[in-house]
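Note that the chains take the letters A, B, C and D in the order they are written out, and that residue 1 is the start of every chain.
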Amino acid sequence: MSIKKKKYSIKPEEEFQDLGFGVKVANQSERLINQDGSFNVERRGLPFFQSLSFYHSLLTISWWKFNLIIVISFLVINTSFASIYILLGIKNIEGITSKTFVGNFFDAIFFSSQTFTTVGYGAIHPVGFWTNIVASIESMFGLSGFAFATGLLYGRFSHPNAKILFSKNAIVAPYKDMYAFEFRIANARKNQLIDVEVQTILSLKEQIDGRIVKQFHELKLERTKVNFFALSWTIVHPIDKDSPLDGLHYKDLIDSDAEFLILLKAFDDTFSQLVHTRFSYKFNEVRWGARFKNIFVDDKPGITAIDLEKLSDLEILNSTVSGNN
Amino acid sequence: MSIKKKKYSIKPEEEFQDLGFGVKVANQSERLINQDGSFNVERRGLPFFQSLSFYHSLLTISWWKFNLIIVISFLVINTSFASIYILLGIKNIEGITSKTFVGNFFDAIFFSSQTFTTVGYGAIHPVGFWTNIVASIESMFGLSGFAFATGLLYGRFSHPNAKILFSKNAIVAPYKDMYAFEFRIANARKNQLIDVEVQTILSLKEQIDGRIVKQFHELKLERTKVNFFALSWTIVHPIDKDSPLDGLHYKDLIDSDAEFLILLKAFDDTFSQLVHTRFSYKFNEVRWGARFKNIFVDDKPGITAIDLEKLSDLEILNSTVSGNN
Amino acid sequence: MSIKKKKYSIKPEEEFQDLGFGVKVANQSERLINQDGSFNVERRGLPFFQSLSFYHSLLTISWWKFNLIIVISFLVINTSFASIYILLGIKNIEGITSKTFVGNFFDAIFFSSQTFTTVGYGAIHPVGFWTNIVASIESMFGLSGFAFATGLLYGRFSHPNAKILFSKNAIVAPYKDMYAFEFRIANARKNQLIDVEVQTILSLKEQIDGRIVKQFHELKLERTKVNFFALSWTIVHPIDKDSPLDGLHYKDLIDSDAEFLILLKAFDDTFSQLVHTRFSYKFNEVRWGARFKNIFVDDKPGITAIDLEKLSDLEILNSTVSGNN
Amino acid sequence: MSIKKKKYSIKPEEEFQDLGFGVKVANQSERLINQDGSFNVERRGLPFFQSLSFYHSLLTISWWKFNLIIVISFLVINTSFASIYILLGIKNIEGITSKTFVGNFFDAIFFSSQTFTTVGYGAIHPVGFWTNIVASIESMFGLSGFAFATGLLYGRFSHPNAKILFSKNAIVAPYKDMYAFEFRIANARKNQLIDVEVQTILSLKEQIDGRIVKQFHELKLERTKVNFFALSWTIVHPIDKDSPLDGLHYKDLIDSDAEFLILLKAFDDTFSQLVHTRFSYKFNEVRWGARFKNIFVDDKPGITAIDLEKLSDLEILNSTVSGNN
C-alpha cells in the first residue's frame, strides 16, 4: 500500500490524553483525583499478587498500626510454633516442668519465643528429632523476620513523607484590575522542601463533534516555582482573556463538571529526594468573591511566623462576584 | 526495495551511533532490543567475576526462587559444618546422646544450626579446641549471612519494579486525514508512575556508499509526555510527509529489516526513583489497517476503569491497508 | 534612604514570594537564612508528634553524641527491665546466687542484658510465668532495637553530608573596570562535588504604595556553574548598571536591611545524590574595598594545593571604597 | 560611596575557573585529572577526622580486602576482650576446664566469641560482677558490629559501581575532509548505562598579559549524548576552523602542556542512579595519524558483539599527520 488520505475525524482517545486520563464521561459527581492525591480510576486485569501493596502499606501506615502488626505477628508466629511443638510431643522439649496442658502450652510458647528471638537460654531445649528440626526452622525464621523488620524500619524512616496542606477551598478573588483563581498551600512536615513547582489543569466536559468529552486546559500561573517553601504559598491564576475561565460563570463550571487538578513537584532537601503531590478542587470547592485571610503571626520579634491553622481561613468580599461579572 | 543512497562520504561507525549500536549488519532475523528490554548484544572481554550479576539476580528473581535459594543455602551450610564437626570428632561436642553415626550426624546438624542462627541453647555445646574454633567461625558466618539477607530483603523491597505492558502489536491505522503508527501501553504495577516520556526510533537497513548499514530515525510523536499514567496510553506517530515511514510499503519494512525501538522514561512516585524501560516491535509485529479496541470498562458509576486484558485487542478495518498498494 | 516607589497597585503577598517568604517586615536585625542554612521562620500548628525530627536528629548529630545515646538507651532499658524482674520476684529467675538486694538487682541487670542482646547463656534463665513473658518481650524488644540501630547506622553513613565553607565576609571589590560583589566558597568534605550551581538573591526593604515590604532581586553572576569543585570558587556578581546594587551606598544597604541569600546546588559524586546548601550575608558581613588573598599553596611540585584556612583571608585595598562616596 | 570606574585589569582567579581549577602553573608533568578519575589537587586545613574516607573506603575496596578486614577485626576484638577476661580473673567465668594459661586464654577467646556473636551456649558463662559487665558490653558491641556490617554489605551492593573503559590513547585521525580528535569508550560492567553524556575540555597554558595561566576550552563534539551504551562509543571532536586545536602542531601541545579532560555522565539503569566519571589524556597520550581498529566480532549470527580487549587497538595510518598539516 501507500498511505491514503482520509477525511478528518477526530479520535478522541489520543487527542485528550494529556494527563493519561481517557475521555469517558461518567456521572456528574465523579472526580479524577481524590483529595488524598490518589487517582479515582481502576485498572482491571492486574496480577492477583502484588507484593508492592503489602510492602508499601507497611511503609506508609501509622507507627501505631505498624507496631501493632509487629506485635500481633510475633504472637501469631509464637503460638503457631508452640502448637507444633505440642503436636510433636512436649516430652521432646527438655526442661518443661508444668504438669497441666495449659502449663505445657505456655512452656511451649516460651520455648518458641526463646528460639524465634535466638535468645536460646537452653534451660528449655529441644531433644527429639522433629522438634529439633522445627526449632531449627523457627530460629532461621526468626532471624529472617528481623532481617525483614530491619529493612522495613529503615524504609519507613528513609522514605520521604512530604505532606502538603492545601486550603480547603480554592477562591476566585479580585486581583489587580481583574479576577484570579487562587489556592493556598503550606508544608505540613518539618522536612525542608525547595524548588517547589506547581501545575494547575482545568478539566471540563465539552461538546466536540456532538460527543461530550473531557477537555484539559492548563491554567497559566503568575508564578509556577518558588525556590524555598519555608512558609505558605498562594498560587494565583489570573483570569485574563486567554484564560479558559474567562467569561465562565459559576453555573458553567457546574454544567461542565469542572475540576481543578493540581500537580506539585518539590525536592525534599531533608531526604535528598524528589517528591510529587496531587490534589484537586471540584467546582463546588471553589468559593467566589472571597480572599484568604492573613496567615502571618506578628507576636514574635526577629522571626517570620505563620499559623497553619489559618491556612483555609477566608474573608468574604462584599462585591458581587459569583454568578456573573 | 527502495533504500535511498546518500552521497557524502562518512565514517559509518561514528555517524550511526545515536543509540550506541554499531552498524554491523547481521542476518535478517536479528533484533536490537529483546522483548524483555535487554539488548541483543554481547560484550566480550569482561572480567570473569562480576559481583553485580550475582547480587542483581538475587534482587530480581521471583520470591519463590529467592526463598528456595535461602532455604537451600541454609541446608548446604548446615550440612557442611556438620560434616566438619563429625570429622573433628563428635566427642568434641558435649550433649550428644545418639549412639549411631546417622544420629550423630543429625545431632551435628542441630548443633550447627543452633550455632549458625546464634540461638545457642547450650544443651549441645563445643568442648574441643578445633570444634570451638569452627563453631566460632560458624556463628560469625551466620550473623554475616543474615546481615547479607537483611540487605537483600531491603534491596528487593526498595528496588522500583516498574513494569510497562506493551500491546502485543503496533498498528498502522487511519488517523485524522492520514495514517499513523501506534502502539498502546499500560502500567502493570500498582506503583504510581508520573511524568512518563516516550521516544520511538526506527531502525532501517539502508545502502550508503554501496555498504548496507543500519540507520536510526526518530519518529515524531503526537505527544511525547503525559503527566499521569493512571490508565492506558496510546502513543501515536502521525505518518506525515516528514516521517521516515512516508511512502514506505510493508514490503519495504521487511526488506530493510525494520525495527521500532521504544524508550520509555518515568518517575516512579511510589519509590521516588526514575525508571527506564525499553521495548521493540519488529516489522512482523506491526499490523497494518487495524485499530485498538476500546479499553475502557463502563459498568461502574463514579470511577474510570480500564481492563488490562484488552490492551492488545485489535479491530481489523475494512480498508485495504495491509499487504500492498 | 533611597528606596524607590512603584506605582502599580499589587497584592504584595503574591508579588514577593519568589523565595517562599512573605513580606512581613519585622525588626531590623532579623535575617531570613541563618548561617547554618536553616530558615529563620516559624510554622505553627504543626502536629505535635513529628517522627522526622527524632529520626533526622539521630542521623545528623555527631558520632560522639550518637554513641552516647546508644549507650544511655541500653543502660536505661536494662535497668528498667531489671526493675520489672525484681518486682515480679527474683525467685522467678533461676541461677541467681546473690543474697543481698543490690546483688539481686545487678543479677537482674545481667539477666536483662543477656536477654536484650539475645546472648542468653542460660545460666540465669526465667522460670516464672510472668518473668518468662517479660523476658520474651525484652528479647523481641532487643532485636527490634538493633534492627533500628542497623537502619540508623546505614542512614548515617549513606546520608550525603556535604558541607560548603563560605568565606566569613562577602566583599565589594574592584573588578575589571567596575566593582563586583564577591564571596568565596570551598568544599569542607572529602566528598567529590560536581556540577555546582549558585544563585544569589538580594533581599531589600523597599517602600511600595506607602507600605514597606521586602523585595527580592536576583544578582546576575559572572558564572553560575562549575563542572568540578575540587578547589575553591570565588563567586562574582559584577555591579554593572543593571545590577540592583548599582548606585547603592553602604548606608543604603543598612537602611534597607539588605541580606544576600545564597542558594547552592551540587551533585555529590561520592553518594550519587543531589545536595543543596543555603547561606546568607547580612549587610554588616559585607566588606567594602577588600580583596580575597591568594588561597593557593605553592610548596609542592606536581600538585595544585589550596589551604582552607585562608578561605576568609582579606586584603584591604587602599582605595576609598567603604563608607561613603 | 558610589562605585567608581577602574581600568580593565583581569583577575585571573575568577576568569578561568570554568572547571573549579585555579590558574597556578606548576611543573610540566602535572596533570589535573588522574587516570582513575580523581583530581590531582590537595585541600589543606580539612578537619582531621573525616568519617567519610573510612566508610567510603570500606564501600569501595575489593571483596577480598573487605572480607580480610572483617576477619581481622573479629580476631582483634575477640583477643582484646579475652585479655580483659583474663585480667579480671578466669575464675569469674564458669565452665573453664583448662588448667594452663594458654588453655585459659583460648577458653577466654571462645567465651568472648560466644558472647560477641550472641550465640551464648552457656556452658561457659560469666559469674563475677565485672566479668558480667564486660560480657554485657561485648554482646552489645557484637550486635552493633553486625548492624554496622549489615549497613556496609547493603551499601557495597547497592552502590552503583559504573566503570567506563577509556582507550589507552586518544587519536588525531582523518575525518571526512579534515581531521578529528577521537577516543573510544566502553562499559566495563554488566550494569546497563543509558543517556550517556560526554563533555571534553582542553586545558592549555597560555600567555595573557604577560602571565602564563591555564586556559580551558570546551571541544565541540560531533555527538555529545547516546541513548544506549550497549556497545562501544567513539567520541569525535572534528578539528574545524572553530576548534581550539585548529592549526596547532604536536609540538604546540607539548609547549602548552595540553591535557584533554573528559567528563562523562550516565544513568545507571540497573541501580537507578546517576553516575559520573572523569578521565584525561595528556598530550603524550594522544597518537597522531592513527585510527581505531574495528571492535566488532563477526562470528556469531543474530547478535551484535564487540571485544573489549580490542578497545585500544590502533591502526597507524601512512599519512603524514603528526608534526604539521
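To be clear about the criterion, contacts are C-beta pairs under 8 Å (C-beta built on N, C-alpha and C of every residue); 3 or more make two chains touch, one makes a residue touch a chain.
From a predicted model like this one, the values you see are computed outputs, not experimental measurements.
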{"item": "Chain separated most widely from chain D, comparing mean CA positions", "value": "A"}
{"item": "Pair with more cross-chain C-beta pairs in contact, given C-D and A-D", "value": "C-D"}
{"item": "Copy pair chain B, chain D: interface residue numbering same or different (half cut)", "value": "different"}
{"item": "Over-half contact-pair match to A-B, picked out of the listed pairs A-C, B-C or A-D", "value": "A-C"}
{"item": "Centre-to-centre distance between chain D and chain C (centres being mean Cα positions), rounded to whole Å", "value": "28"}
{"item": "Distance from chain D to chain A - Cα centre to Cα centre, in angstrom", "value": "39"}
{"item": "Residue numbers of chain D (touch at least two other chains)", "value": "114, 118-122, 150, 154"}
{"item": "Interfacial residue positions of chain D with respect to chain C in the complex", "value": "1-11, 13-14, 17-22, 24, 26-27, 29-30, 32, 39-47, 50-53, 55-56, 94, 114-115, 118-122, 125-127, 129, 132, 135-136, 139-140, 142-144, 147-148, 150-152, 154-155, 159-160, 199, 201, 263, 273-276"}
{"item": "Chain D residues touching chain A - in the complex, by the definition given at the top", "value": "118, 120-122, 150"}
{"item": "In the complex with chain D, residue positions of chain C that touch it", "value": "63, 70, 74, 78, 97, 106, 109-110, 113-114, 117-123, 146, 149-150, 153-154, 157-158, 161, 172, 174-179, 182, 186-192, 194, 196, 222-223, 226-234, 236, 239, 245-247, 249-250, 267, 269-270, 272, 288, 292, 294, 296-298, 300-310, 319-325"}
